[in-house]
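Below are two complexes that have chain A in common, paired first with chain B and then with chain C.
On to the complex of A and B.
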C-alpha cells in the first residue's frame, strides 16, 4: 500500500462514516434506519465472504451456516435467558463459530474447486435441516420471535450506531488482512496453490485461517441481524442465504475489496424498490443481473474503476 | 465500446423507471391496508386468491360509498414467504407508508414475525390465512386479530367427528402423516389433545413425517399399509396433498383405511387439481367451502369471485374477504382508521356475517384471544361437477358448533410452560 492509496482509503472511510453516520438525522422514518442496517450488515457479510471467494478463490456455498449460527445463538439465549443476555449471546455465537468453523474448515479445505463448494453447501444444508426439524429446541419452521436487545441498545438509533461501529471495525480489520502479507499469500493461493507450496508457504493453514475469519464475520452479521429484525427463521441457514451473498459479491465485483459492499447495497435497495412496485421482482432482478454479467463482467465497482482509469489515461494522452 | 454503451443505457433506463414515485396515496380519507401475501412459489395461489378476494370486498364497500366517507385501499407486497423480508416490508408499511392496518400472510412463520412488528409499533395486524394456534394463545398480543379458523379449531372439530364416528362404526387404531415442520407437528399434537379432552379411546399405531414438498411418498404408503390403521389423519397442505393421494391410490390405501384430513384437506385447490382422480369417501374439511353453507351470501360470494377471476376460490380467499369486512365494520364503529386503541376495542367481540356462516350463526371475534369464532363443517368427497374443473366436492356434512372448538382457558398457559 503506498501513501496515496492509503490517503484514498482514509477519504473513502470518512465518506462511508459520513453517509452512514448521517442516516439517523436524514431518515424520514424508522424504516430507512432498518434499510441502512440491512445494507451495513449484508455489506459486511459480503465483504467477509469475498475474502474467501474473491481473494482466496474458495467459493463457499455454505456461509449461511455461520450466518444462521450467529443469529440462532442470539435468538436461543435471549429466548431462554432474557434480553439482558443479548451481548453475551452475540459473543457466544462468535466463539461457537470459531470452534465449528475450525472443525468444519479442517474437513472442507481438503478439497478444492467444485468439491469444496459442494461440501460447504452440504454442511450448510445439514445445519438448516437440524434447525428446521428440531422443533422443541429451535422452534422449527416457526423461528424465534421477540429478540430484543436490552438497555441502551433497545433504542433503534443506538442499535444502528452500534452496528455501524462494529461493521466499520470489521471492515477495517478485513481490509488490513487483505493488504497484509497474509493477504498476498491468499491471492497467490487463488492463482497457483502449488507454487505457494514450493515457495515454502502453507496453503491449507492459510485457507483455514481465512475460512475461520470469514465465518466469524458471517456469524457477527447473523447475530446483529437478529437484533434488527427481532425475529429469526431457519431460512437464515438455507442455501439461498449463501446464494444471496454470492450474488452480492459478484454484482459488486469480486476483484475489488469494497465491491461486495456496493453489491449488497444495490441488491437490497433494488429488492426493496422493485418489491414495492411489482410482484415480478424476480424478473427485474434477473434482468439486472443479466445486464451486469454480460455488460459489466468485473462487477459494478470493477467497471467504475475501469472507466475512471480509462478517463485518467485519456486525460494524460490529451494533456 | 458500443456494446458497453448499450448496457449502460438499459441500466440507466431501469434505474429511472424504478425511481418513479409509487402510486400516490395523496387522496384524502383513505383507509390504507398493507398486505403481505406470497405471490410466487408454492403458496402463490393462496396469495393470488387472497388479493383478488380482498380487492373484491374493497370494490363492494367502496361502490357503496366506503366507510364513514373513507375509501379502502389495499397495497400488497409479495412477502416471498420470507419472514425477514416481511418484517422489513411491515416496518415500511407502518413507518413510511403510514398504513392503518397490516393484513394477510399465508405462512405461520411470517405471521409470527409480523405480529412482533405489530406489537412493537402498536399497529393492528389482521391475520387472514395462517393457521398456527400460537398467534392467538401463547404468542398472543393485543394488536393481532385472526379472521379464519386456526389448526386447534380444525382439530377440535376433527376430534368430535372421530368421536361420533366411533359410535356408529367402531374404530380403534389411528395413524398420522404430515409434513415434518411446525404446522404438521402442531396438528397431530392438537388432535391427540382434543381426542383425550373429549374422552375418545384410541391407539396410535404410526406417525409418518415426510419432508415438506417431498416428491415421493411410496415408503410412507407401504409403512401405513403394514401398520393397518383404521383412520389415517393427514396434515398436508397444497400440492403435497395432491401428490400423496395420487401416489397412495394405486396401493388401494383408501379402501383399507379412512383418509381423514380436517384442516386443509377440503381446500378447493385439491378438488380442482385432481378432477375425477380424487377418490370418493375421503373425509375432509377446510376453512371455507364453495358448496357449503347453502346460503345466499355464500353463493353470491363464490359466483362473484368466479366472474371476476374465472376460477373458483380456495379457502384463503374467504379469509381475506372476511378481513376487509372486519376492518370496514371496525372503522364504521370508531369513525376513523387512526385511533388504534378504539379500533382494537371495536374489533373485540365484533360480529360479522360471512359467506361461511350457516343460517342462524354470525361469526364473531373472541375478545379474550382475538380469534374469530366460527362453525366448522366436515364433509365426505362425492361426485359433483358444479364447480369445474372439480369433479368431486364435499357432501354429507357434519357441522360443529363454534364454541365447542375453542381451546380451553388453560391451554395458552400449558403451551407457554412447554
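On to the complex of A and C.
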C-alpha cells in the first residue's frame, strides 16, 4: 500500500464516521436509527463474509450458522439470566463461535469449490433445524422476544454508538488482515492454491484462519442485531440469511474491500423502500442477483471504479 | 423390533432411495458431463411436483400423463435457463462461484413464480388409480404405490446406464465430460449438447417431483430441502458419479427410513450425520470417479 492510498483511506474513514456519527442528530425518528444500525451491522457482516469469498475464493453458504449463534447466545443468556448479562452473553457467543468454527472449519476446508459451498450450507441448515426443533431450549419457531441490553446500552443512541464503535474497530481489523502478508497469501490461495504450497505457505491453515475470523464477525453481527431488534428468530440460521449476505457482497463488488458494505447499504435501503419482507422479496433479490452475475460481475463499486478509470484515461489521452 | 418391521422399513427406505436417486442423478449428470453445478436443481423438482398437481387436480387428467407433462415442462424450462442465462457465464474466470450465484438466483425467482401461480398453501395429490391400495407380499401389506416407485427406479437405472454406456448419445455425453473442445472439433454441436443434457437433467428432477407429489405435500420452498438431500447423496457417492449417486441414495434412504421410524423428531439430523462421517473418513466420496482438486 503506498502513501497516497493510505491518506485516501483516512479521508474515507473520516467521512464514514461523520456520516454515521451524525445519524442520531439528524434522525427524524428512532426508525432511522434502527435503519442505520442495520446498515452498520450487515455492512460489517458482508465485509467479513467477503474476506472469505472475494479475497480467499471460499464461497460459504452457511455464515448464517454463526450469525444465528451470536444472536441466540445473547438471546438465551439474557432470557435465562437477565439483561445484566448482555455483554457477557455477547462474549460467550464469540467464544462459542471460535470453538465451533474451528471444528466445522476443519471439516469443510477438506473440500473446495462447490463441495465447500454445499457443506457450509448443510451445516447451516443443520443448526437451523436444531434451533427449530429444540423447542424447550430455543423456543423453536416462536423465537425469543424482549432481549434488552442493560445499563447505559438500554438507551438507543448509546447502543447505536456502541455498535458504531465495534463496527469501525472490526472493519479496521479486517482491513489490516486484508493488507497483511496473510491477506496476500489468501489472495494467492484464490488464484492458485498449488503455487501457494510451492512457496512454502500452508493453504489449509490460512483457509481455516480466515474461516474462523470471518465467522467471528458474523457472530458479532448476530449478537449486536439481537440488541437492535430485541427479538430473534430461527430464520437467522436459515439459508436465506446466508444468501442475503452473499447478495450484498456481490452487489457491492467482491473484488473491493468496501464493496460489500455499499451492497449492504443498497439492499437495506431497497428493503426499506419496498417494505421489508414483501411477499415477493425473493423475486426482487433473485433478479438483482441475476443482473449482477450476468451484467456487472464486478459489482457496483467495481463497475463505477472501472468507469472512473476509463474516464481518467480518456482525459489523459485527450490532454 | 421384529422382522416384519425391518422389512417394511427397508422397503420404505428403498422407495425414498429411489426418489433421492432420481433427483440426485440429474444433478450429478449435469455436473459430470457439463461441469455445471445446478444449485436450483431442487427447484426443477418442485416445478415438476406443481405441474403434476396442475395436470391432475386442475385439468383432471391421468396421473401418468401428468408425470410426462412434469418431466417435459421441467426439461424445457431447464433448457431455456441454460440457453438464456447459464451459457453466458461459461468460461468466465471463477466460473464455479458464478454458477452457484446464478443458479441461486434461479431458486429465488422460481420460488416466487410458483407462489404467484399456485399460491402459498400446501397442495396434495391423490395416488393414481390402481395404486391406492396395498399389495400382500410375504404376509406383509405394502403400499402399491411404493412398489411402483421402486420398480420405476429400477427401470430408470437400467435405461440410464444403457444410454450412457451403450449408445452414441451416451458416448457424446461422456466425451463432453472429458474434452469439450475436442468434441467440438469432431463436428459435434457442443453448445446444443450442453443445453440438451441440462434439459435431460432438469427433466429427471421434474420426473422425481411428479412421482413424489402423491407422497409428500407440494409447497413452495421444497426446492431447497430437496437440493440439500440430493447434495448429501452426491457427496456420499462422489460428485459426477452415476453409481455413486445410486449408492449414496440407498444409504441415505435407508438411514432416513429407520430414523423416521425410531426417532421421528430428529430423523433429518441423521442425514447430516452420514454426510459428516463420510467427509471425515472419505471426503472425496465413496465412489469418487475423478480426483477432486483438494485445496
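We adopt the following convention: the second predicted complex is superposed on the first by the 299 of 319 C-alpha atoms of A that agree within 3 Å, B and C clash if a C-alpha of one lies under 4 Å from a C-alpha of the other, contacts with A are read in each partner's own complex, and residues count from 1 in each chain.
The definition used in the following text is that a contact is a pair of C-beta atoms (placed from the backbone, for glycine too) under 8 Å apart; a residue touches a chain by one contact, two chains touch by 3 or more.
Only a predicted model underlies this, so the values are computations on that prediction, with no experimental measurement involved.
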> Who does A:113 touch here: chain B (first), chain C (second), both, or neither?
Replying inline: second
> Of the two partner chains, chain B (first) and chain C (second), which one does A:133 touch, if any: first, second, both, or neither?
Replying inline: both
>> Let me test your reading of the model: by the given contact rule, A:294 touches which partner, first (chain B), second (chain C), both or neither?
In response: both
> Of the partners chain B and chain C, which touch A:279 in the superposed model: first, second, both, neither?
Replying inline: both
> Touching A:233, do we find chain B (first), chain C (second), both, or neither?
Replying inline: first
> So, does A:28 touch the first partner chain B, the second partner chain C, both, or neither?
Replying inline: first
>> On the A-aligned overlay, A:179 touches which partner chain: chain B = first, chain C = second, or both, or neither?
In response: neither
> Overlap of the chain B and chain C footprints on chain A, residue-wise?
Replying inline: 133, 279, 282, 287, 294
> In their shared complex, at which residues does chain A touch chain C?
Replying inline: 53, 57, 59, 61, 107, 110-115, 117-119, 121-123, 125-126, 129-130, 133, 189, 193, 203, 207, 239, 243, 246, 250, 279-280, 282-283, 285-287, 289-290, 292-294, 297
> What residues on chain A touch chain B, complex-wise?
Replying inline: 28-32, 34-35, 38, 132-133, 135, 139-143, 145-146, 225, 229-233, 235-236, 270-277, 279, 281-282, 284, 287-288, 291, 294-296
> Which chain C residues qualify as touching chain A in the complex?
Replying inline: 31, 37, 85, 88-89, 92, 94, 96-102, 104-109, 111-113, 115-116, 224, 228, 231-232, 235, 239, 265-266, 268-269, 272, 275-276, 279-280, 283, 292-295
> Contact residues on chain B for chain A in the complex?
Replying inline: 3-4, 6-8, 10-11, 14, 18-19, 22, 39-40, 76-78, 80, 82-85, 87-89, 91-92, 94-96, 108-109, 112-113, 115-117, 120, 132, 134, 139, 180-183, 185, 212
